[in-house]
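Here come two complexes built around subunit A, the first alongside subunit B, the second alongside subunit C.
Here is the complex of A and B:
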């Protein structure tokens, strides 16, 4: 089995989960409602935990310890999509990003639960169940606020327009698409994108929001190859600040 | 030489640190016990992948077995046999209810949103409740409101 292809796949998934998990944790203490504060904090805990389990799989393939991988790299060594690293903005943007990202990931893990790479298949099956609560949460709020007041609808619509080119960057093709498919490891970004688009269209159609025409959008690619916006490095500096004071400290 | 039943009985003493009435055995997170003359190997799996309590539980398993004179204890955490909420035993379900936490409804491994409403209230026993939020004080609990006794309660989430 192509180890380099598996590593590339694991890194992008782990980095996506870690970076969005960190962004979600920035809502702790600032949520617009107590329940939302707890929801984003809980999703942060899930995502950071899921990323750790993915880094552990990488460690078993010879990569460094999960903490070292998470805290000691610079932005050009991260493979997350740019969507994950964008600042939280206001609640409407965080909610739209959560909706677009978590549906993509719920489907990605569903696909991976049949992967021929067994350790990833087992973990994905487990994570898939947890993500149902994330997509349920996103769904509830998108449906409510997407059909509520003029302000809630226009705020979500603006955020949707802004986030969509970045969301398409989730599906940036891997250099190993052919190997991943032929070896039965993963059915590929294009297949994932199609399923995702069908799912989010189904939800958006139950609201007064309009899905932007994706054929006219320029996807924000490059994240998978280490090209990031100016927002990622400050996030990493803050996230790793304590760890880097003494990487050998016991907690 | 110890029997598996004996080890399981001792492990009844190890409780979920966040739900101190529920043992790891009743929680269903002990997935395998392997015994040979000098060594006991316990395999565990977390309820949620990011469960912060797993390291404490692992340490507690080692300490309890050490206290019964088993010096060589090896605890592995993996996803070979992933946890789901159906694995909570009937005794565990009763313990949860007595603790004031609604036990997770049994399901066919595909959690339908419908099973999250009208959960039986652990305070008054009626099935007339709504889920307020799927995210509670820990990753494994959701928050519900009982329309009958007007109490807010938590549920151990079905997963």
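Here is the complex of A and C:
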């Protein structure tokens, strides 16, 4: 089995979950109401937990310890999509990103639960349960606010327009698409994108929002190869600030 | 009414004698949350969330009440749809005070019964009964419980007022089992501080 292809796949998934998990956790204490603050923070913790499990798989393949991998790299060594690193903005943007990202990941893990790489298939089955809640959460909010008031609809619409080119960057093709497919590890980014588009279209059509025409958009690629916006490095600096004071400390 | 732009003047609350509408509390209504810890165990009242509707209440309840523990199911019901009896104490069973006669109005449908078996604890789901209204459901439950251990308080809820989890969403209770990192105790801070102090001494 192509180890380099598997590592590339695991790194981008783990980095996506870690970076968005950390971003979303910045809402802790600032959520729109107490119950939502707790729910959103708890999902952010789920994502960090999922990334930890992925880094552990990488460790078993010979990569460094999960903490080292998470805290000791610079932005050009991260493989997350740019969507994950963008600042939170207002709650409308965070909700739209959560909606676009989590549907992509729910489907990705569903596909991976049949992977020929067994450790990943097993982990993906476990993670699907958490993702089911995350998509239900996104769905309920988008349906609620996507048909509520003029302000809520226009805010979500603006955020959707802004986020969409970045969301398409989730599906940046891997250099190993062919190996991943032929070895039954993963059915590929293009297949994932098609399923995702069908799913989000179905939800958006139940609201007063309009899905931007993606054929006219320039996807924001490059994240998978370490090309990031100016927002990632400050996030990493803050996330790793305490860890880097004493990397040998026992937590 | 004083229209000053200076907040210090407005805080003086200078009486004007004009009538103004009472301002409602700026908050959502409440929903009661019931949790099932394990498959096969009964549902137990776990707490309350604020929410604009049942779907949102379910979303909030799931994370408020299951993020740290294993959980097999949750249901929610709007607080105003929970009908409650008075409380009793000591050996006094609340069913002693329930009349055997009841109103006959309403269509027959299913009702859920919840009991408080210990003061200060939570209500447990006991079972369901077909009835035409809440009062009848309570009266129909009475013969089964009048001679047992004292019940201190009963809640009656119409089954159709409850939001249950869909069968297809049941997979969401299947989560990564490692949740200890969510608890402060897992980091053993006190031990580490003690160790540090000993090293310093």
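Everything below uses one rule, namely that the second predicted complex is superposed on the first by the 251 of 251 C-alpha atoms of A that agree within 3 Å, B and C clash if a C-alpha of one lies under 4 Å from a C-alpha of the other, contacts with A are read in each partner's own complex, and residues count from 1 in each chain.
Just so we're on the same page, contacts are C-beta pairs under 8 Å (C-beta built on N, C-alpha and C of every residue); 3 or more make two chains touch, one makes a residue touch a chain.
This is a predicted model, so every value here is computed, not measured.
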Ask   = Given the superposition on subunit A, are subunit B and subunit C in a clash or a fit?
value = clash
Key: First (subunit B), second (subunit C), both or neither touched by A:136   = both
Ask   = Should A:53 be classified as contacting the first partner (subunit B), the second (subunit C), both, or neither?
value = both
Message = Tell me the contact category for A:128 with respect to subunit B and subunit C: first, second, both or neither.
response = second
Query = Does subunit B (first) or subunit C (second) touch A:250, or do both, or does neither?
reply = second
Task = Pick one for A:144: touches subunit B only (first), subunit C only (second), both, or neither.
result = second
Inquiry  = So in the superposed three-chain picture, is A:38 touching just subunit B, just subunit C, both, or none of them (first/second/both/neither)?
reply    = both
Task = Have a look at 9-17, 45-53, 99-107 or 189-197 and say which bit of subunit C overlaps subunit B after the superposition.
result = 45-53
Query = Do subunit B and subunit C touch any of the same residues on subunit A, and if so, which?
reply = 35, 38-39, 42-43, 45-46, 49-50, 53, 126-127, 129-130, 132-133, 136-137
Ask   = In their shared complex, at which residues does subunit C touch subunit A?
value = 28, 49-53, 55-56, 59-60, 62-64, 67, 169, 171-176, 178, 181-182, 187, 192
Query = Given the complex with subunit A, which residues does subunit B contribute to the contact?
reply = 48-52, 79-80, 82-84, 111, 113, 132-137, 139, 143, 157, 159
Key: Residues of subunit A that touch subunit B when the two form their complex   = 35, 38-39, 41-43, 45-50, 52-53, 122-123, 125-127, 129-130, 132-133, 136-137
Key: Contact set on subunit A toward subunit C in their complex   = 33-36, 38-39, 42-43, 45-46, 49-50, 53, 126-130, 132-133, 136-137, 140, 144, 250-251
